[in-house]
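Paired with chain B in one complex and with chain C in the other, chain A is shared by the two complexes that follow.
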Partner chain A sequence: MKKSSNTLRKITKTYFPCLLVTAMFIICQIMITTNAMPRTTKSMLVPVCVYIVMAVSLNLTVGISGELSLGHAGFMSIGAFSGVVIATYTREVFGFSEPAQLLSALVIGGIMAGIMGVIIGIPVLRLRGDYLAIVTLAFGEIIRNILNCIYISLDGNKLHFAFNNNDIPGTQILRGPTGVTSVEKIASFLAGFLLVLFTLLVVINLIHSRSGRAIMAVRDNRIAAESVGINVTGFKLLAFVTSAFLAGMGGALFGLNYASLTPANFSFNASILILVYVVLGGIGNITGSVIAAAVLYILPEELRGFADYRMLAYAIVLIAVMLITNNARIKAFVNSIFKKNKAKGGEQA
Partner chain B sequence: MSTFLSNLISGVSLGSVYAIIALGYTMVYGIAKMLNFAHGDVIMIGAYMCFVMMFNLNTPAFVGVLIAMAVCTLLGITIERLAYKPLRQATSLSVLITAIGMSYFLQNLAQLIWGANPKSFKSVIPSGGLSLMGGSLKISYVTIVTIIASVLIMVVLTLFVNHTKMGKAMRCVSEDRGAAELMGVNVDLTITVTFAIGSALAAIAAVLMCSAYPTLKPTTGSMPGIKAFTAAVFGGIGSIPGAMLGGILLGVIEILGKAYVSSELGDAFVFAVLILVLLVKPTGLLGKKIHEKV
Partner chain C sequence: MTDTKRRSDTKMVEHPSRASGPERDLNKRPVLECSHLGIDYGGLKAVDDFNLTIGPTEIAGLIGPNGAGKTTVFNLLTKVYQPTHGVVMVDGKDTAGMNTIQASRLGLARTFQNIRLFNQMTVEDNIRIGLHNQIPYSTASGILRLPAFWKGEKKQHEKAMELLSLFNMQDMADVKSGSLPYGAQRRLEILRALATSPKLLLLDEPAAGMNPKETEELMDTIIKIRDDFQIAIMLIEHDMNLVMGICEGICVLNFGRVIAKGTADEIQNNPEVIEAYLGTQKEDE
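Coming up: the complex of A and B.
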């Protein structure tokens, strides 16, 4: 009896982010049905889901695998644009229903980003530390530059691709620097929630698997891990590609939530924004990423009352949080409270 | 031939600006082991200061440049003392996020003060230029001044680092901060001086850059900042000659790539070359080899 309650507690602890997200989803749904949610907040639900997916997937690279990546928005953009193209294609050619379009867009968007992850990961993961960071930054910029030159059009049942040349037959879907316009917005909050749940399950199960332990061993001590026979590059690549795949899915959902989207939406600053969520949520902490992404996405929107001072306030909050969490005195203070609680808990048990 | 030469020269000129900015990145990285993402925005503030002095207060150009340098130096020191110094013991990611926060802060501050609309910066250097090869090759004065200024800065900085007491302290701190502290080097002062020098150089780079490309916005500094950072890594981050070499090569590659490959893909070309170099030499062109101890 005691054993089973322990297992249950363990499972609850492991899958806590999933439970949290489900609870948040139910609360939001209740608020929507009772009309308690303002329209502006309602329009933020899908982007919040997308950014949770982005933050959790980046946390897999930065926190679990320990590689600083500054090009996460690159994968997002690949997912977004391939997702929009696939959704349009399946609608026009196969006459798919909306959920089927969305599903195929998410899967293909994820796969495209995953393929890019393999292409980038194989050379890049040989580098270390800041060099890896700058190369991921470079790849993010290259992806954006190349997307600026790609034109895709649909002519009957055929997709046409062109590079740096807008002279292709049929209706153009992707138009270089103009990106995609008049997209049918088929992303829904339910789809966003399911994607978040899927991402969390993938990441949590990966972390708690044999592979996950290998990835963390590589992070903590590469040489020791290698000496016990762990395939360092292989496991780094596994984490990187999974992260890219999930980012691609998030991107596809993001792309199908807006009427128009340009490659400029996925600049270096977008990558940095996601990294900020991960760091403020706690590196390697999945629940933290979920909360930070949700709060920090909504915060600047809700600060609109400050108008021009909005981003200034955001910047100050960012710096202040970093200074406060790294202050030795405050840390000691928090630790002392934490220890007291722990000691009390010990006595009770 | 003359088009190629003129492209090459404008590449060297753009590269010189990158090199001056990259010096700031590389010195700070070498000594404080942090990526100062706010450096690009210090450049932007420098350009705005020079703009205000010259066009709102009508001072002569050299006063504008000096004031810009002074303000940037002060700004660099203030940022270092307020935001980075409390984080000396923190993880590198916390410092990185603080630097990003600082960068947002400066950009938004500039937007509040000067507005988001681009301002047109008038060159501090007389327009016109030299005509060579019977008029087929024109080199503007801006280009010449930029190249001369960067060479001068390089020489002075090398002399400073190699032959003064402070320079010696900098080299010590970059090699082993703990040991330097034990030997009586004032580490905090050394880091502050590094920030001051880097920021003053950023002001010079700002004026030269805006003289050649005369639009000024709150985001003016970010792209050159990223590229200069790339240049610093390209040459081997932490190495002063490396930053110079990396900057100039990057400028030449960018201009030649834009001229002969594709004008849209110029930036992609720069980053692709960077990746290729790092794959062959993982610590950059002039970077030191890292020996791994087990």
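Coming up: the complex of A and C.
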């Protein structure tokens, strides 16, 4: 009896982010059906889902694998543009229904970003710390600049690719720096929720498995991990590519949520924004990433009422969170509240 | 270190478990054979012409003054450094060109002088990482929670608990390893190395920072590990009670060169060893 309740508590603790997200989804759905949600907030639901996916996937690289990556928006952009192209292609050529278009866009977007993750990861993961951060930053910018030059058009049922040359036959889908325009917005809140759930399950299951432990072992002590026979480069790459794959899926959903999208949307600033979510949510803390991404995405939009002081208020909130989470006295206070529960759970610090 | 005759020194504490230790079978294939092993850093010979043979289930000691190159020998054996000279054979297989991971698969496991645990992970997870290659299942079955995952996790849990029971540490399984007391960290590191089911366990200063009572317990444990797991153990140690008490063969290193090899008796009476540790006596004073 006691053992089964312990197991249940353990499962609840492990999958807490999934439960949280499901609860939020149900609340949002109720608000939508009862018309209690303002239109502006409603339009933010899909981007919030996307940024949760981005933050959780970046946390896999930064928190679990311990490698600071500044090029996450690069993978997002690959997912976004390949997702839009695939959605258009499957609609025009195979006549896929909207959910099927969305699914194929997400899968292909993820795979494309994953492949890019392998290509970038192999040389980059030899580096450590600051150097890795600088090189991932550079690769993020390289991806954006390459996308600036790519033209893709659909001619009948053939896709044409061109590099730095807009003279290609058929209707152009991707037009270099102009990006994609008049995209059919097929992303839905339900799809966003399912993607968040998928991402959380992949990341949580990975962390609580043999491979996840190996990834964390490499983070904690590379030399010791090698000494027990763990393939250090292999597991770093696994974390990096999984992270890129999930970012690609998030990007695909993002791309299909807007009528137009340019490569400039995925600049260095976008990468930093995601990193801010991860850092403020707590490095390695999945629940924290989910909450931080949701709150910090909605906050500046809701602050529009403050007009000129909007970004000032946003910055103050960021600084306040930083100070509070690092203040020993406040931490001790919060711990004292949760102490009772922790003692019951049989945990020791 | 071919001679394993029992020591009869009354000055040191005779360890009770020694009498029951197995005799070394010289017909068995040695678990480790180093011949002319060496590494140069530019002109500096950190280790030079190191020859050593360790039989299965032998406890060997590697001693020497600070900076003699003892840890470098461990690093050469486990392929952290690639030797510039010589051959290392583990269980009859040449390790030339191998990396640390392959050496670990061959059956070499080690602990570190400055403890290297996975500090942010629990005690049990630390051991599970040691079991990484022993009880494997694929990443995909881990993410998809396939039957292989549940089976592997169950096996890992059972094996980890079995190992923890060796040091009576079962109730610490959920504690973060970084918050363990020093002695327990040392023991956990040994368990993690044992989890890789090695043929030769390399212990780098296992008694460092332990009090005499803990050291005494450690001696019992090392012998217990050898007897239970039937593995060879090689240890670097500065605590002479421990080295002289349990090592069947001792090798003394100074400035990267072996200056003496033999049993505890032979080492204690070797003038070169005394000189290395205490310095030369001036004749005319």
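Heads up, the rule we're going with is that the second predicted complex is superposed on the first by the 323 of 349 C-alpha atoms of A that agree within 3 Å, B and C clash if a C-alpha of one lies under 4 Å from a C-alpha of the other, contacts with A are read in each partner's own complex, and residues count from 1 in each chain.
The criterion applied here is as follows: contacts are C-beta pairs under 8 Å (C-beta built on N, C-alpha and C of every residue); 3 or more make two chains touch, one makes a residue touch a chain.
Everything quoted here is computed from the prediction, not taken from an experiment.
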Which of the two partners, first being chain B and second being chain C, lies in contact with A:231: first, second, both, or neither? second
Which partner does A:205 contact after superposing on A: first (chain B), second (chain C), both, neither? second
The chain contacting more residues of chain A, comparing chain B with chain C, is B
Chain B versus chain C as contact partner of A:27, first or second or both or neither: neither
Please indicate which partner A:220 is in contact with in the superposed arrangement: first for chain B, second for chain C, both, or neither. second
Which parts of chain A are touched by chain B and by chain C alike? 223
What part of chain A is in contact with chain B in the complex they form? 62, 68, 123-124, 126-128, 130-131, 133-135, 137-139, 141-142, 145-146, 148-149, 164, 223, 268-269, 272, 275-276, 279-280, 283, 308-309, 311-312, 314-316, 318-319, 322-323, 325-328
Where on chain B is chain A touching in the complex? 29, 35, 83, 86-87, 89-91, 93-94, 96-98, 100-102, 104-105, 107-109, 111-112, 222, 226, 229-230, 233, 237, 262, 264-265, 267-268, 271-272, 274-275, 278-279, 282-284, 292, 294
Flag every residue of chain A that touches chain C in the complex, lowest number first. 202, 205-206, 209-214, 216-217, 219-221, 223-231, 238, 346-349
Can you list the chain C residues touching chain A in their complex? 78, 80, 100-101, 104-105, 109-110, 112, 116-121, 125, 128-130, 132-133, 136-137, 139, 142-145, 149, 152-153, 156, 174-176, 179, 192-193, 195-196
